[in-house]
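Structure incoming, see below.
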Amino acid sequence: MDRFRRFLVSDHAAGWAFILPSVILIAVFGIIPILWGLILSFQKAGLISPEREWVGLGNYAKIASDPKARQAAVNTIYYTLLFVPMSILASLFIAHALNRKIAFVRFYRLAVFIPVVTSTIATGIMFLWLFDKNYGLANWLLGKIGLGPFGFFEDPDQAMVALVLMTVWGWLGFDTIIYLAALQGVPQELTEAAAIDGSSRWSTFWRVTWPMLGPATLLLVVWSTISALQLFDEVFFVTHGGPLGRTSVVVFYVYRLAFEQGLGSLSLAGYAAAIAYVLFLVILVLTLAQFWLGRRVVHYSS
Amino acid sequence: MARVLFDEATKVYQGPVVALDHLTLDVADGEFLILVGPSGCGKSTALRMVAGLERISDGTISIGDRVVNDVPPKDRDIAMVFQNYALYPHMTVEKNLGFGLRRRHTPREDVRQRVDDISAMLGLQDLLRRRPGQLSGGQRQRVAMGRALVREPEVFLLDEPLSNLDAKLRVQMRSELKRLHDRIGVTTIYVTHDQVEAITLGERIAVLSEGVLQQVGPPQDVYDHPANVFVAGFIGSPPMNLLKGNAAGGRIAVGEVEFVDRQVPDGEVLVGIRPEGLHPVGEGFDGPVFEVSVEVVEPLGDEVLVHGSIEARAAEVRREAEETALLADGKRDRATITLRLPPEERPKPGSRLRVGIAQNTVRLFDAANGLAVEPR
Amino acid sequence: MSAVTEAPAKIAPPDTRSLPGETGMVERPRRRLLPFDPWHLFLLPLAAVMLLPLLWMVVTSLETEAQTFHFPPILWPGTPRFGNYLHVLQDSAFARWFWNTTVVTITVVASNLVLCTLAAYAFARIRFLGRAFIYFVILATLMVPLQVVLIPTFLLVKDLGLLDRLGALVVPNLVNVFGIFLLTQFFRTLPIDLEEAAKIDGASRLSILLRIVVPLSLPALATLAVIQFLWTWNDFLWPLVTILTNQDAFTLQLGLATFQGAHQTQWHLVAAANIMSMVPMIVLFLLAQRYFVRGIATQGLKG
């Protein structure tokens, strides 16, 4: 009895009492779904219907022969290859520009940061209107400098690029904040020493500042890649995978299988789960690869 | 020719805050000059202005024959050792050393040669492939020096380079620096807040306070003949004892003790006596004597510091709001003074000590403006 | 200690050359082609591009339907039609969507503040059996992307009977592992002396947490609140998936998307709805900028 009482007031009891509600919630809504999803991926399952049929690796095999899955993969890679470099390079340049003592810098920073808080839907609406083929401001402005008119979201060849522009607009603020923090973390003495050593401004940036931005760059590359690979909201709302499936990305395809097609009599939830898991594995491998590569190239100063 | 001339050099920040107030100073070619003073006195600002890291608000600075106010740092042919070394963390020691030379398009063979020479001189040969993060403080300091020296600059600037080292290493590096300067002979301007460093290292020292140059001269001169109360109290450790005195007809009274034969105008005067100017004396001593009531005894190994109180008023040097005059107004009726004794003598706290004054070491200062009276 | 050698030193009148804008390294005197810093030539257009979509939305929301169909576009409608906003509120369940989102967001933020604080404090300061293991496991769940758990969580919510109800939006989000991570890192940086002193004085763990740690952690808590608010308010995928037919339970984003779908060519109305939906987050951002920035910088550490 006494041992029990001692236990109750011990650190062990206190610790567990503090984490218990959270652990339960995480177990139920975090861990169980992760495991369940894995199991589902080995089944032919209906979303509303209770059908469950074990198919082992059948779903995974199906992915290889599914042309829609292949298209989704290609589109996703295309999007990622455009989105990641563009957003990182742009934000680096902007962060450098904002890192100076210049008039109105607060206003400029605000302008760059605000798009971060607009929701994907709000952004989607803004750009649907901006990029409207017939009445949009974009075509009008571009027309004034002799370009266009463009179909943007309605043109199969342009839709993905338009999506990239839209999402880069939304994410620039985020990347810029990170680069700004990193730039401000470069000790002033280093750039001063470089200047005294005879280094020009460009040379100092390239040989002294840029290497010190390594950790931030690695971070942004990893983060941007992960979010690019998981693109959904904008595709669903703005183009719904079109035109002609040219913007259908993996997560969108998963959604369609499970929640659009799968709601009917087609039991595709398991298949969708399998695709989701494959994407997860790709992300995991890519992230690890990026970190491993990063560790070899990036030098964390003591 | 690499002489450095400050001509009324001034730096003002928004406020307005005057960081450096019309500094006029001539550093001779090959001289080792030390800028010393408490933090905020403007010494680092002056150094950075020579480096070109701070713009000059007024006046000029010249290196050699030319005025360099508008010359960017990389065109000034100067090198600097920063307090935190500022080594490029992602480059090896070798790359760090060669960076400046490579920026100036020195042929690769020359770069290698000079880097090798410098690393040999500073004992860095085994560290060339390492990165700064893998080095100790002392090693980093030497790399920072090497990076500066390898460029064979006209002027060598050092900003408190030893303050991040532990005490033992600091002493070691001090003598190494001296040796290096003797060997290389480049004009050097060295900034420190440590007056011991200043006295031991410098050929000449320049004492600054609140942006204003207080005194410049060889260390021993500054020590023996401080130009004002600030220098008197700043240079020398333990600091000079400062007491309130009253002069009347050639006799100066400090508490109950009197000096004679001093040609000073009547009125209040500040009396400064260095600890080594006070000695215990026997009953038969016939000069001015303090009756010291011993309070604290500090044995230092090679000497003993004794702190005790005497029947006199201490001079407090204070700054009153806008007024820059100083108040010589001790609060207590008894002042605490410090004296030095040989290590064998250890008086007991609470005991009384008769202390005689070596009159030729007494320095007098004007009570109103702190300037030395009868400067040499 | 200070002294002056002579009468008050002459202080030259402040030289404007040394004031902000002119601080920094000496640079080669360059011919100034422009009366202002050339970077403005980049930053001003950039700011315009970043703000253009928003500003254009505002303009459109004040136009008549006919004006929106004008090409070239009308840049200012002459007389702004604020009535569009009223129209949206009357014609749709906008108010309802707004209310739903507010309720859900506040609940989720409040719940997170409480649960994450408790858990993070335990992980940071209390030594209990299994601490390292549990912490590792829950952090691992952060690595798993949303689409993997989307379907199973949907099934789970369905089995719990929460489908089509606001509960589906609240319950799975009552605690966010990222919040636990954020606060754990933060608590670890607090000096432990204060807590130890309180422990010696006999305070219980809970009261240490509430009386000492929390008051010191307000900035971190504010950051967490702001970030969680942003995520929940703007969330689209999860409401899309779980709120299927019950229009009464639509969130703002869901409602907005539906509204746009229903009024596809009525841009003046869609714009008004859009502006109304963005205002709360923009206001929050303007008030709490510091916390947003801090939150984003910390998200960066997660990597």
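First chain written, first letter: the chains are A, B and C, and each begins at residue 1.
The rule is simple: contacts are C-beta pairs under 8 Å (C-beta built on N, C-alpha and C of every residue); 3 or more make two chains touch, one makes a residue touch a chain.
Quick caveat: nothing in here was measured; it's all calculated off a predicted structure.
Relative to the whole-protein C-alpha centroid, the nearest chain centroid is that of C.
Comparing chain pairs A-B and A-C, the larger number of C-beta contacts belongs to A-C. Each chain gets a centre from the mean of its Cα atoms; the one farthest from the centre of subunit A is B.
Note: centroid distance subunit B to subunit C, computed from Cα atoms, is 53 Å. If each chain is reduced to the centroid of its CA atoms, subunit A and subunit B end up 57 Å from each other.
Here the CA centre of subunit A is 17 Å from the CA centre of subunit C.
In subunit B, the residues that touch at least two other chains are 52-53, 72-73. Residues of subunit A in contact with two or more other chains: 192, 195.
For subunit C, the set of residues touching two or more other chains reads 20, 23-25. Listing the residues of subunit A that touch subunit C in their complex gives 11-16, 18-19, 21-23, 25-26, 28-34, 36-37, 40, 47-48, 94, 97-98, 100-104, 107-108, 110-123, 125-130, 134-137, 140, 169, 172, 174, 177-178, 181, 192, 195, 216, 218-220, 222-223, 226, 230, 232-233, 236-237, 250-251, 254-255, 258-259, 269, 272-273, 276-277, 279-280, 283-284.
Subunit A contributes residues 187, 189-190, 192-200, 203, 207-208, 211-212, 214, 299, 301-302 to its touches with subunit B in the complex. Interface residues of subunit C, counted against subunit A in their complex, comprise 20-21, 23-25, 36-37, 39-40, 42-44, 46-47, 49-54, 56-57, 60, 68-73, 115-116, 118-119, 121-123, 126-129, 131, 134, 137-138, 141, 143-156, 158, 171-172, 174-175, 177, 180, 205, 230, 233-234, 236-237, 240-241, 253, 256-257, 260, 267, 270-271, 274, 277-278, 281-282, 284-286, 289, 292-293, 296-297, 300, 303.
On the side of subunit B, the complex with subunit C involves touching residues 10-16, 18, 21-22, 38, 52-58, 69-73, 75, 209-212, 214, 227-230, 233-234, 317, 319, 324-326, 369-371.
Looking at the complex, you find that subunit C touches subunit B at residues 1-15, 17-20, 22-29.
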